[in-house]
Each structure stands twice: as structure tokens, then as C-alpha cells.
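Consider the two complexes below, in which subunit A is the common component and subunit B and subunit C are the respective partners.
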Partner chain A sequence: MTVFRYPPFYSYPPSFTLQPVKATREKQLKLWCDLVLSYCKHYKIFKLSVTDSANSSLFANTAIDRKLSLAAVEEVFSRLVSMGYGEWLNKEANVCLIYWRRPYEWAEIIYDWVERSGKRKSILTFYEIRFSEDTAEFEFHGIDPELLLRSLQVLESQGKCAVFEGKTNDDLGVKFR
Partner chain B sequence: MGCGFSRQHVVKTNVSSFDRELLDLKIQRDSLQQYEQRLSDSLKNYIKLARRLVAENQRQQALVVLQVKHALQKSIEKAQNMRFNLEQVLSEIELKQIETDYVLKLRTGTKLLQSIQKTLSIEEIEHLLEETKEAIEFQNKVTEVLGSFSLMEIDESCEEELEQLETAMFPPVPKRLEKTMTPQVTENMQVKSETAKEYSKQESILLPS
Partner chain C sequence: MLRGKALGLAGLRREQEARQAIDFIASSFRKELYESLQKQLDVFRENLVLFARKYRKKIENEPEFRAQFHRLCISIGVDPLVSKKGFWEEVLGMGDFYYELAVKISEICIATRDINGGLILLDEIKRLLDNHNDEKFTKRTSKRIILRNRYEISRDDIERAVQRIQVLGKSYSIVSFGNIRYIQSVPGELSHDHSCVLSVSKEQGFTTERKLAASLKWSKERILLALKGLLEMELAWIDDQDLERLYWFPSLYYPIDD
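Now for the complex of A and B:
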């Protein structure tokens, strides 16, 4: 995998301190949100925890010895959620789904794959969609199960599939129309 | 938008208990695959460990590790076999599903075909064909008669038109004279035109011959 290229503001020390002036702060948060989205897209990350990511290179630039505070990271995540680019998965643990593609976009991609690969009318396990060799070259390979469920629920609301459990198993599967 | 429209017509995808059982089988296959993955991961670790022990010249321990490795390999093989069997069963089930669907569709297709055939009897078709043949023959006759007739018709009308053209293009001489004279002669117009009329009368009697 190619190395992620950070945007210029990442090497600029004041970026790592939340600015007091509202307009500047807005702009700054927007930059951080964009960075989180492109970073997650590049590394195919589907969810982030606030505490873990605050210590990762995403929010800490060791080259200039600067790091975004935990509160600031939380604010970035809240901003992502309020813009519809994220969803709190576990509020207590501060784990957040990152939508570099939104569920309805994933839904379209997945359904397109189902149609093209002739998998309509068949039953697929979540594991199969996430990890089988068939999906290896697709963006949704390795997708977070929660995000997959949300995306399939979009398709379900369109009547394109049904998500269900097994008889003796509570693992989820999906049947496409 | 179209989206809102289609949402009103959402048909729920039905999940039967058969589907649930099929899903169970597939989940079983997945867990076997995960098991294999787990075993082959630890296999890699044991191989690394064995190499390290050999490098450190700890032969006895290396032998133990290799024994474990062999046991692991056997388990992997067993798991693989189970998974292949399961895959085979699954693909057979799916094929049978398609087969039953196919037979069902074939049945309705045959029924449809029969119902279409019922509306048509052979005698009716023969009768229809006969009638069509007669109609075609009649039409051919009509065309023939019309063809021989139309030539004469055209001849007569042509002659008529020719006559009309001739009278139009070569009007009686006195009329022409009258035309050339009109600018000069203003008096006695009445008399002259009357004589011209007489002339034209004479000419029109003469012309047809």
C-alpha cells in the first residue's frame, strides 16, 4: 500500500491547537474532518476509537512534535457525525464509524457487485461478503459488520434484500432479490 | 422523485425457513474457513519457531515443535475436507433449487402454450388460408381488369387535354389582331370587336377538322 500523503496543514504547528476565533476554528475543524476521511479511505479504516486515534499518527505529528488534544479529537469526531460522515457506534467507548462512503453509497456498490456477479436470489453470509476471495478486489472487502448491516438495511428498505439470522445460529446473512 | 415512488411499492423479500437452514450451512462453512485460517496462522508461527530452535541448536525442542506442526497440518487437511464436502452439498442444494424452479416454470410454459393452441383449430386455419387464397386471386383479377382498362381511359383524357391546350395556345387570329390594335384604336371599338367575334366563330368552326 502506498504511503498516505498528509495535507500541508498537518505540518503546521498551530493546526494542532483549536483556534479561539470561531471562523478560523470552523475552517480548522473542516480541514481535520477532511483529513480523517481521506486517511480512513486510504487505509480502508471503517471505524475509529477516539482515544486510540488521538495517539495515532492521524492526530499526532511526531515530526513537529505536535498532537491534537483528546477534547479536540472528540470535537472533530462530533463534527463528522453532525455532517453525516460518521456515526457513534458506542458512545461510552467513543468508537465512531467513519463514513468515507455513506451507507447508501456502500449499499449501491454492494448491490452492483451482487448483480454483476450473478448473486441475486442467493443467500450470502456477512463473513462471505466481508472476507471471501470474491470480494477481495472490492472496496467493501473487510468492511465493518455494523457498517455492512447499515448499508444492507438501506437495500432492505428498497426491497432489494432481507437480512436474517440462521435457525441455530445468530450470525447474520442476507438474501438478495 | 422516482425514489419516493418506488418506496411505496417496496415488496419485502421473503425469507423461508429453508433459507434459514441454508444460511446455517453457509455459516458452518465460514466457521470452518475461519478455523483453517487460525490453524494456518499458528502453523506459520510453529515453522518460524522450529527454524529458530534449529538455528539455536535445540534439536529436542525443535522435534517437539515439528510434531505439533504435523498434527496441525493434519487438522487443517481434515477441516479442508469438511469444508469441501460442505461446499459440494451447498452447490448441490442450489442446483436443485434452480432445477425445481426450472421445472415449475416449464410447467407453466407448457400450460400457456396449450391454452394458446386451444384457441386455434386446424380446420379453422385451413378455412382461413383458403379464404385468403381466394381473396388474393380476386385481387389479382381486379388488378388485371383495371390494368387493361386504364390505358384506354388515359388515351381519351389525353386527347381532350391536347385539344384544350391547342385552343389555348393558338387562339383565333382575329382576337390577336384586336389585341394589337386596341392601344391605337379608341373609337369604333364596339364595331370592330363585333366583327372579330364573327371571325372567331368562323375559325372555331373550321378548326376541329
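Now for the complex of A and C:
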């Protein structure tokens, strides 16, 4: 995998201090949200924990010795959620699904694959969709099960599939129509 | 007496005729002079074109020479930027040079506007243009002559290009404080104090209260007021992760191509 190329603002020291003037802060948060989305897309990350990511290179640039504070990282996440680019999965644990594609977009991509590969009328487990060799070259390969469930629920609401109960996430099954 | 009177009338008539003759000669002389000057100017223009053709490479490659040539053109009323026929284009095949430079400058202004509040140091534009290996800019403008011919771009060229954008709209302007020049792409007024703070921060791209007190000898209140104003105009960003609070000015430096 190619190395992620950080945007210019990541090398600019004041980017890592939450700005006091509202207009500037809005622009600053937008830059950070864009970075989170492109970073997750590059590395195919589907969910992030606030505390873990606050200590990762995503929010800390050791080259200029600057780091976004935990409070600022939380603000970035809540901005993502309020813009529809994220969803709290476990509010207590501060884990957030990151929607560099939104569930309805994943739904379209998955259904497209189902149609093209002749999987209509067949039953698949979540595990098969996520990890089988058939899906290896597709963007949703390795997708987070919670996100997969949300995406399939979109298809379910369109009458394109039915999701079956399972003991664990990977036991969940889906029948495509 | 009688003779005198006749002489008087005839004299008047003669005087009148003489005056008309002088007027005629004068006007034809003026006309001649004008025509001769016009002819000289035409010759001069022709020579200028020959000169431009002959030194085309030098004009293209040496910004200082280009600026001098430009001044020469303007002093005789040939404005290569305004002339509809595109003097540069006809003679030098460079008609698009300033247009493309203007496009590039406005691209930089737009790309950095969110960060720097629409104010950018002319030297910073030059730095960004010089480092045009930046992927984002190169990709979009690779087929343009500026990059193809690798012209060295001078401050003079940048100012001319901005003047060209100004023809399209008033939103771009060059503002000077002392001998420091900025390109402003979002309307706004910088006060004397604001521009002083920017000027003394030019080298590092940031400042602190302490540095300002040392260089400007202002009271703490005056310094804080100026900084507050710059923050509110979105021209300053604070950085609290150093020994003391740093105030950064993206108009002076922004790592767009690092």
C-alpha cells in the first residue's frame, strides 16, 4: 500500500491548536474532517476510536512536535457525525464508524457486485461477503460488520435483500432478491 | 494723412493676410512635425518589434530584462498587456504569458484563501510559483507555457499579471505597506497596526507578544488589540504548543508545497 500523503495544513503548527475565532475554527475542523476521511479511505479503515486515534499519527505530527488535544479530536469526531460522515457505535468507548462512503453508497456497490456475479437469489453469510476471495478486489472487502449491516439494511428497506439473525456478526446471513 | 489712412486699411488687410499665411504655415508645419513624429514613432515601433524578435530569448528568460523592455514599451504607448492585438503574442508568441500567470496566481489565492483570509505576501506567491513542482499545481497546469518554458518569474511579472486580473474584476488588488507587498483577494482593510505586526513577522511567519514588544515598542494593550484584530479577520492562527503562545500568519508563509 502506498504511503498516505498528508495535506499541507498537517505541516502547519497552528493547525494543532483549536482556534478561538469561530470562523477560523470552522475551517480548521473542516480540514481535519477531510483529513480523517481521506486517511481512512486510503488505509481502508471503517471505524476509529477517539482515544486511540488521538495518539496516532493521524492527529499528531512528530516532525513539527504538534498534537491535537483529546478535546479537539472529540470535536472533530462530533463534527464528522453531525455532517453525516460518521456514526457513534459505542458512545462510552468513543468508537465511531467513519463513512468515507455512506451506507447507501456501500449498499449500491454491494448490490452491483451481487448482480454482476450472479449472486441474486442466493444466501451469503456476512463472513463470505467480507472475506471471501470473490470480493478480494472490491472496496468493501474487509468491511466492518456493523457498517455492512447498516448497508444491507438500506438494501432491505428497498426490498432487495433480507437479513437473517445469527449468534455473532459473522454468522449473520443475507438473502439477495 | 490720406495716404496714411489708405496705408492703414491696406496695411490691416496685409497684416490679416500675413497672419493667415503664418497660421497656414504654422499649421502645415505642425502637421508636418506631427507626421514626422508619427513616422519616427512608427519607425521606433518597427525597431522595437525587430528588437523584441531579436532578443526574444533574452526577454523570455531574464525577468529583469523583460521588465526593462516592458517599461520601454509603456513609455512609448505600446502596452503589451492592454493592446488588443496582443503585442506579445504577435511578436513574441508570449501573449498568454501574463494571462496564464494570472490564472496561476488566482489558483493559489483561491487554494489558500480559507487559510490566509485572502491576503498573501507577494514574496510568498513567488515562492509558491518557483516551487511549481507541487503536484497539485503541476498536474492542472502542465500544458501551460509557464511550466513548459520554465520562465523565471519576477515580482514585476506577478504585479503585471495581477493588474491583468484586476481588469476582470476588482476583487484582486496589490496592497503595499512600506516596501512590503501583498495580494489581496478578499476585500478588507488592514489598519496601520495590523500591517506593522505582519511586517515585523515576515521573516518567520509567526510572532509572539514578547517579540512584538521588543520590535515595535508598543504597550501590551496595543499589541493585544492588534493581535485580536488579526485573529478576528482570520489572518492569524494561534499555536499553544510552544513555550509561549505563537501567532501564525498564513499570509506570510504556508507550507502548501512542503
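Note that in this section the second predicted complex is superposed on the first by the 172 of 177 C-alpha atoms of A that agree within 3 Å, B and C clash if a C-alpha of one lies under 4 Å from a C-alpha of the other, contacts with A are read in each partner's own complex, and residues count from 1 in each chain.
Here is the rule we use: contacts are C-beta pairs under 8 Å (C-beta built on N, C-alpha and C of every residue); 3 or more make two chains touch, one makes a residue touch a chain.
On a predicted model such as this, the values are computed, not experimentally measured, just so you know.
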So if we stack both complexes on subunit A, do subunit B and subunit C clash, or do they fit?
fit
Quick one: is A:Gln19 in contact with subunit B, with subunit C, with both, or with neither? Answer first, second, both or neither.
second
Touched partner set for A:Lys27, first subunit B, second subunit C, both or neither:
second
Students often get this wrong, so check: with C-alpha centres, what angle lies at subunit A between subunit B and subunit C, to the nearest 10 degrees?
90
With the two structures laid over each other on chain A, which partner does A:Glu128 touch: subunit B (first), subunit C (second), both, or neither?
first
I'd like to know which partner A:Arg177 touches here: subunit B for first, subunit C for second, both or neither.
first
Touch test for A:Lys67: subunit B only (first), subunit C only (second), both, or neither?
second
Should A:Phe164 be classified as contacting the first partner (subunit B), the second (subunit C), both, or neither?
first
For subunit B against subunit C after superposition, the smallest C-alpha distance in Å amounts to 37
In the complex formed with subunit A, which residues of subunit C make contact?
114-115, 206, 231-232, 234, 237-242, 246, 248, 250, 254-258
Using the touch rule from the top, collect the residues of subunit B that touch subunit A in their complex.
6-7, 9-15, 17, 19-24, 26-27, 30, 33-34, 94
Show which residues of subunit A lie in contact with subunit C when the two form their complex.
8-9, 11-17, 19-21, 23-24, 27-28, 30-31, 65-67
Residues of subunit A defined as touching subunit B within the complex:
122-125, 127-128, 156-162, 164-169, 171, 173, 175-177
